[in-house]
Structures are given as structure tokens and as C-alpha cells.
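Down below are the structures I want you to see.
Presented sequentially are two complexes of chain A, the first with chain B as partner and the second with chain C.
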Partner chain A sequence: MEVDREDGRTQNQLRPLACSRNVLHRAHGSASWYQGDTKVLAAVYGPKAGTRKNENPEKACIEVIWKPKTGQTGKLEKEYEMILKRTLQSICILTVNPNTTTSIIIQVVNEDGALLPCAINAACVALVDAGIPMKHLAVAICCCVAKSGYVILDPTKLEEQKMKSFAYLVFPNSVHSVLTGGSVQGEPMEHGIITSVTHGIMSVDDYFYCLERGRAASAKLSDFLRRSLQQHPTDSSKAG
Partner chain B sequence: MGLSNASGDLSTEVEVDAFRRLFPLRFYEKHLSESIRPDARPLGRARDTTIALGAVASANGSALAKIGSTTMLAAIKMEVMTPSTETPDEGCIAIDFHMPPICSPIVRPGRPAEAAPVVSKQLSDTILSSGMISLKELCLVSGKAAWMAYMDVYCLDADGALFDTALLSAVAAFSHLEIPVVSLNDDGKIVLLSEEQEGMSEREPVNKEKRKLTLCNIPFSLTCILHKNYILADPTAEEESIMETLVTIVLDSSSQLVSLYKPGGPVLAYTSAIQDCIAITRQRVKELQTILEEAISGMEVD
Partner chain C sequence: MEEKQSGSPASLIDSTVVPGDVVLDLSSMTNQTIKLGGGLRQDCDAISVMKAGTLRFSKPNKYWVESSQKRYTPCVEDAVLGIVVDSKADNFLIDIKGPVLAFLPVLAFEGGTRRNIPKFEVGTLLYLRVVKANFGMNPELSCTDASGKAAEFGPLKDGYMFETSTGLSRKLLSSPTCPVLEALGKKLSFEIAAGLNGRVWVNAATPDTIVVVANAIMNSESLSGAQQIIMVEHLLKNIQ
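Up next is the complex of A and B:
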């Protein structure tokens, strides 16, 4: 069934993506990620010595600070910080630098739908720019479910508000490996969900349909990420 | 190599409590390989759940819910307010979740717990988006007066599965809620009628018949831990701190998915694991529905 979206995209089409690394000079790693009009800037400082109180000193600690475009930080920002922290903790190799803290600061430059996925993508690129050791990267996508059951990807803010429900999904990026196999329970590794946050009511079948669409889109996003990270020449190392 | 030898040699010499503190993950894995947990529950079973309605006598609606040792107290206060111009015949609900220092040794006074604003926002989003309560029922006089319901949920004992217990206590408090009787006085303002005035007053109460909210599509939730190939339902705080991958699924009484929340975690969730979690949650929703209905019918008998 053909769907008319206001900006003329098809159901599965993402907005134009733009990614740049090393945009801030003082930060150890930085990235900006634009998805259409949603723009997020991420900066990474670390590893710094010492962990916060109540954190395990045998592992590296990750701290996320989320700054909204306007207004003070409230519960929404705290929730995004927690989701981002737990997502990044699962992709970083925390045992390489124990008893250190890596801070990731997210600044929302413009918000037009799919904000959390954009921030997760920006944070991953910033971590690569800073040289933090990671197992794999994370690619994030937003899927919206409309009342009649069709799913659209990467909604704008208006579309998010009109739709019945939406889901933010984060998958590991696709692996190009010389060795074949490595699948768990009959599914390849990049089909596993790192993070899933849903909003609004949807049926269980709609959710599984979102997962399929999300996986297909994450393959495209992984390719874009790989190309943009391979092209960018690295700068000379920055002093701590 | 050193570590596995150390725990292997020590497991015969060290006491159970010491082994549990020193090698918590190995302690749990020894139990999981026999499909049981240290508190003798099978992997898919939740802890004992109880609901007590009307725990706070001065509130318009309240409930105390316990899942195992996790205890939450929810209370609702109603106030009359002027509705906004965009929605002149809709009331408003404000939900807040607090974790006072009594609930856990990690919460200190003056420094709010990290989990508190997150659970508060999740709770408020779930209840408002599930469509359990129609805001139009909270209207009194269209455009002039509507009810504002303030719900506070206090955590009294935090032993894992905080969101599940908080949602259960909030839902139970809404089902216990009794809207106070009000009438219009001469200035056109709404006044509360107390018990004695009801018989004597000449003024007609505005909402004599409509005292309880109708709840449809009540949401119930279950938190599960994913660890290797195991799925543990309803974790305690100890299990949550050792195995960090949590999935919270909220289903409503018509089996629609209200929320599937997995905030990161070292274990990736594949489709088969999610289908198993949803199946366990469906059974749990039926259990919780029976428990809630028993509590409500218990109150009505009085």
C-alpha cells in the first residue's frame, strides 16, 4: 500500500544522512550526525583517571551528559542519559582501561524526530574518533507504526506525533568477516537487539514487523557508517 | 586460569555465603544449570504478589503493592482546576515516583537515586499512552472545571523489578479511586461536599452518580533478565546487579504491546528470546489480573 509522506519519501526511505568527525578541537573525540533536520553533536573526553562513587573500579566507567536544545534538564534527559549509558556500556570493552571514566556529552542542535537514534549514532562515531576500544558499533533507527499497521522509517517530528506508536531500535553494525558462521541460535549477530524503547500501543506482530524493517535499515546505515569512517583521514594525535 | 582454579578449589572449602559474595556469577550459574534460582523459584516464575487497597485513608485512592520484598505505596489526591483552552473537557493526571532513602542502602538523602526519574517517566508514559483512563471522565463542567489527579508512588523497599511493582500499585490505586462529591456554590465555583453536608445541603451535587473511574485496557508488566540462554522472570536486586541485561514488557488486557523496554545490556536479544519473554509476560498478565480482581472484590464486600 503506497503511503504519502509529507516530504515525499517512501515508507522505507531514510532522510539524507551526514556525518563528520573531529569537529571540536579540545575534545578527545567528537562527531556530528545529521539525519534530515535532526542534528546532534557528540563529544568524548576520556579515558580520565578515577571512577565515580559506587561504580566498579575493575571496569572502565561511562558517563553520559545530555544537553537539550532549550530549557533545563528534566526527566526526559535523565532517561536518555541512562539509555545511552547502558547502550554504550554494552559495546565498549570495559576491561581494557579499568578505573577510568569516559565522558560522552551530547548536545542537541536541532530536533526534528528520531532524536535518540541520531544521538546514539553520533556517540558511536565520536567514540571511534576518540579511539575508545569497542567490540562493535551500534546503529540506531526509529520505526513508526500507523493505525492501519504499516511501518515507516525515520519519521519527522510531525509524523512521530501523528502516528499511533513508534519504536527506537539499536542493532550492532554488520560484520564483514573472512570467517563464515558466527551465528547465534540460527540468527546472525547483527539481528540481535542492543536496545529497544517503544512508545504507544502496538500489537506484538507490528513490533516484530518493525524489527524486520529496522534490521534492513540498519544494514544500510552500517554501510554508510563504514564508508564515512574509512574515508576520513585521522588528524595527528591530540595531547591529553 | 587462576580465577577458575581458585573458585573450583574453594567451592568445596568455602561457606555458601562467602562463595555467594566472592563469586556471585558462578554461584548463580551453578543454580541456573539446574534450572532453579537461589530462592528456589523456577526460572519463569515471579515472586509472590499481594495488593492492599485503601492503604492511605486520607487520600482519595491508594494501594500498597508487594512483589516479593519490593514494596510500593501509591496514593492519589484530586483537585479541581480549570482545563486548558485546547482541551476544555479533559482533566489531567500527574504521576510522580519517589525513592526515599528508606528503600535501599544505595540511596542517600539529598542525592536522588539514578533510577528514580527514569522509572517516573516510564510510569507516566505507560499509564497515559495505554489509554487506561479516559481524561474526559475527569471533566466536571466543560471549559470551567475539571479534575487534576496527583498520583505519588513511593518506593518503600527496593528489591528488583521496581517498574513492575510501581505500575501495579498505580493501577490498583486508580481502581480504588473514589472521586469526591462536589457541587456548584453561588459564585459558580465548585466546592467539595463533606459527608455531613450531603444530606442537609440544598445544592445539587454535580457528580453524584459518577464516583469511580472506568478502567479499560489495564497494563501489566514483567521484567526479565537475559543471561546467555536463560531467561529469568522477575529478578531480585542481587540478580539485577550481577546480570545486567533487563527487558521490561508491558502488555494490556487485550494482549497489545504497550511497551518493550530494553535499555542496552551486554546480551543481545534475538527474536526467539523476545518471543519467549512475551509468552511469559502473557501468563503473568493473567495472574496479575486475577490478583487485582480479588483485591477489588475484597474491598467491595466491606
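Up next is the complex of A and C:
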């Protein structure tokens, strides 16, 4: 079904991606991730000694601070911090450096739709840049469901507001493996899902369709991520 | 979205790997001892990558991931530059840019007894050797070599200390001598102490020389051997 999107993209087309590592001088790891006009900067400090009060001292602790473009931090920022913290806790190996804290600071430079997926991607690259041990990487994507039932990927802010509902989905990246058929209980690892956040009302079928479209696009994002990590830290990588 | 399957581990060696890539399948290698270095972990029968970098192999059986970070992971027998943060009854607390502070026992000096404990102020720069680096414990350092002699370890007076990445400090300490140090050594006279934790100390007769040497080293991070020599010649031309 042909769908008219304002910027001329097709249903499954993502906006131009750009990613740079090591952009900040003082941070131990940093990355910037641009998806069209949505721009996010992530900085990682750590691991540093000591955990916060109620955290388990036998594991590393991850602390996320979200700084919006304008205004003070409120409930929405606290929600984003919590979602990011849970996502990153599941991809980092927390037992390597017990009783330490890693701080991740997300600064929103510009907001134009799909903000949380952009931040998750930026945080993942910043963690790799800082050398924090991880089980695998995460790629995040936003899928919207319109009133007439079609699904579009990577919406702009206007599209997000017009849609009936949308979902932020985070998948593990595709791995290069020497194992033949490396899989967990018969399914390849990319069929897993790390995080799913939905807004609005959508039917179960719509949700599964979103998952399918998102998973297909996550392969492209995964390739882009691998290419940008292969380059030297001071170069930036772009995909149109 | 399929995993790229390579027929043998040799195809991933010397290529860039990202967290999650499986580099070895142990089920096909029975009765062999494999030594794993930094950046790799064992996941039942598969060896997978924790940190992004270049996979290296050294005969007969050592695998590791080479990467360059701003923070340091303490390893035994490394020479590091530490800064005194605090002193207790039995130990000095030293910052070596690792996840936790390291301890330097007050008796770990050549001819050290309870009567001649050195007094280091907070902020003193020391050249030290890592003696113990066990999981979950603070690393232990020493100001003597393995046989108990002082061997250049101890406080570094005067001079200038700057921070680099761990990759650059490994290059500075490699043999044959790094091109930038050789080119500088032909024209200038200076003293240098490089720690594997990303700290370098330079001392020379005049501040001009110290600044030129420090700038040359900091600029040489992303340059090849020939480019480093050209850069050093350019810098030296401007001061003479």
C-alpha cells in the first residue's frame, strides 16, 4: 500500500543516520547519534569506585542522567532515565567490575521524533567507546501505527503526533559468529527483544506487525552500527 | 538478518569485532588449552567478545582483543603512573585511572622498614608496578621490581604529566622504539616515563622542550609511522 509521507520517504525507510565516537574530550566515552533532525549526545563516565545507596554492591551500577534541550527535568525525563537504565543494564555485563558506578549522561541537542530510540543508540555507542564490557549491542527503532492500520518507521515529530499509537522497540544487534547456527532454543539471537515501550492504543496484530517491521529495519541499523564502530574513533560515519 | 557464518576462527583474527561476536567454538576444540586475554569471555562453549576492537592471535594459543580506551584495566606486572589520593596507616591510596583505587603498602620500597616510611603528599606522582590485580579487590602496587630493588620506581620530581589513551601508551612502550620518540630523540634531550594506564611524564632542561615533546606525543595518536616523523620535523622546524 503506497503511503504519502511528508518528507517523501516510503513506509519502511529510515531517515539519514550519522554517528561519531569520541566527540567529547573529558568524558571517558562519548558518542553523537543523528537520525534526520533528531540529535542526541551521550557521554559515559566510569567505571568509578562505589555504588549508590540501595544498589547491589556485588554488581556494577549504571546511572543515567537525561538532560532535555530546554526546561527543567520532570517526570518524562525520569521515565526516559528509567527505561534507558533498564535497557543498558540488560546489555552490560555487570559482574566484571563489582561495586562500581558507570554514569551515562544524555543531552538532547534537537528533538524531531523518535527521541528515545536515538538516545538508546547513542548511549550504546558511547558505552563501546568507553570500553564498558557488554554482552552484545542494542539497536532501537520507533514504529507508528496509523488510524487506517499501516505502519511507518522512524517518524518525525509531526508524524508521531498524528498517529494513533507508536512503539519504541530495542533489539539485539546481529552478530558475526564462527558457530554454525548459533541460536538460543532454536531461534537466532536477533529474534530476541530487549525493550518495548508503547504509547496509545493498538491491536495485538498491529503490535506484532510493528515488531516484524522493526526487526527487519534493525538489521540495517545493525550494519550501520558495525561500520561506524570499525572506523577510527575520530572519524564520523554517515548513512543516507 | 542472518548471522554471517565464517568457516574458521582465522577469518575473524585481525579484523574489527564488536561486543557479541562469537570468535571461537570450543566444542570443536577438545584437549586444547586456550589463553584468553582482555576483551573476551567464555559463555559455555563459545568465546564471545566483550569490548570492541581488533581481534589478535599469538601462537600457540593466545587470543585477545586490542582496543584503546581512556580508562585502564589493572593487570599484573604493568608499569603505571599513579597519583597519591590519601594515606592510611598501612597503605597509600593511589589513583591509577582504573575502576577502583589501588593500594601501595608503606613497606613496598627498597630498604623499607617501619622506621623510614616515606611521606608522600596528596597529589604526588609515582612510577609504580602492579603486583596484584584480583577480581573484586583493590589492586596492589609496589615501588620495587620483582627482586626488591628500586629500579627507577618511586616519585617523579619536576617535569610535566599528561594523559593519553591506553593504546598510545602501549605504542610508546613498544619495541622497536616508536617513530615519534626516535625522531624527537635525535634532536632533543629529554626524560620520559610512560605508564600503561594512559599517563605520560616528560622532563627536560627547558620548558620549551617539554612542551614540544608533549605536543608531539599527543598529536601522534592517529598518525602512521611516516606521518609521525613528518609531524615531528614540522614541530622542530618551528622552534629552531
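The rule is simple: the second predicted complex is superposed on the first by the 230 of 240 C-alpha atoms of A that agree within 3 Å, B and C clash if a C-alpha of one lies under 4 Å from a C-alpha of the other, contacts with A are read in each partner's own complex, and residues count from 1 in each chain.
In the analysis below, a contact is a pair of C-beta atoms (placed from the backbone, for glycine too) under 8 Å apart; a residue touches a chain by one contact, two chains touch by 3 or more.
Predicted model only: the values in this text are computed from it and were never measured.
Applying the stated contact rule after C-alpha superposition, one finds that A:226 touches chain C and leaves chain B untouched.
Of the two partner chains placed around the shared chain by superposition, chain B is the only one that A:201 touches, whereas chain C remains out of contact.
Touch criterion met: A:98 reaches chain C, while chain B stays clear of it. In the overlay built on the shared chain, the residue A:136 is in contact with chain C alone; chain B does not reach it. Of the two partner chains placed around the shared chain by superposition, chain C is the only one that A:49 touches, whereas chain B remains out of contact. Contacts of A:172 after superposition: both chain B and chain C are touched.
Legend: residue contacts after superposition of the two complexes on their common chain; A:83 is shown touching chain B, with no touch to chain C.
Residues 172, 189 of chain A are contacted both by chain B in one complex and by chain C in the other.
Across the complex, chain B is touched by residues 54, 74-76, 78-79, 82-83, 85-90, 165, 167, 170, 172, 184-185, 187, 189, 191-204, 206-208, 211 of chain A. Interface residues of chain B facing chain A in the complex, by the touch rule stated above, are 106, 114, 117-118, 120-122, 125, 129-131, 217, 244-245, 252, 255-266, 268-272, 274, 278.
Within the complex formed with chain C, the residues of chain A that make contact are 28-29, 46-49, 93, 96-100, 128, 130-131, 133-137, 172-182, 188-190, 215-216, 218-219, 225-226, 229-230, 232-234.
Across the interface of their complex, chain A is touched by residues 1-9, 11-12, 16-25, 39, 41, 46, 48, 50-52, 67-71, 73, 99-101, 135-136, 222 of chain C.
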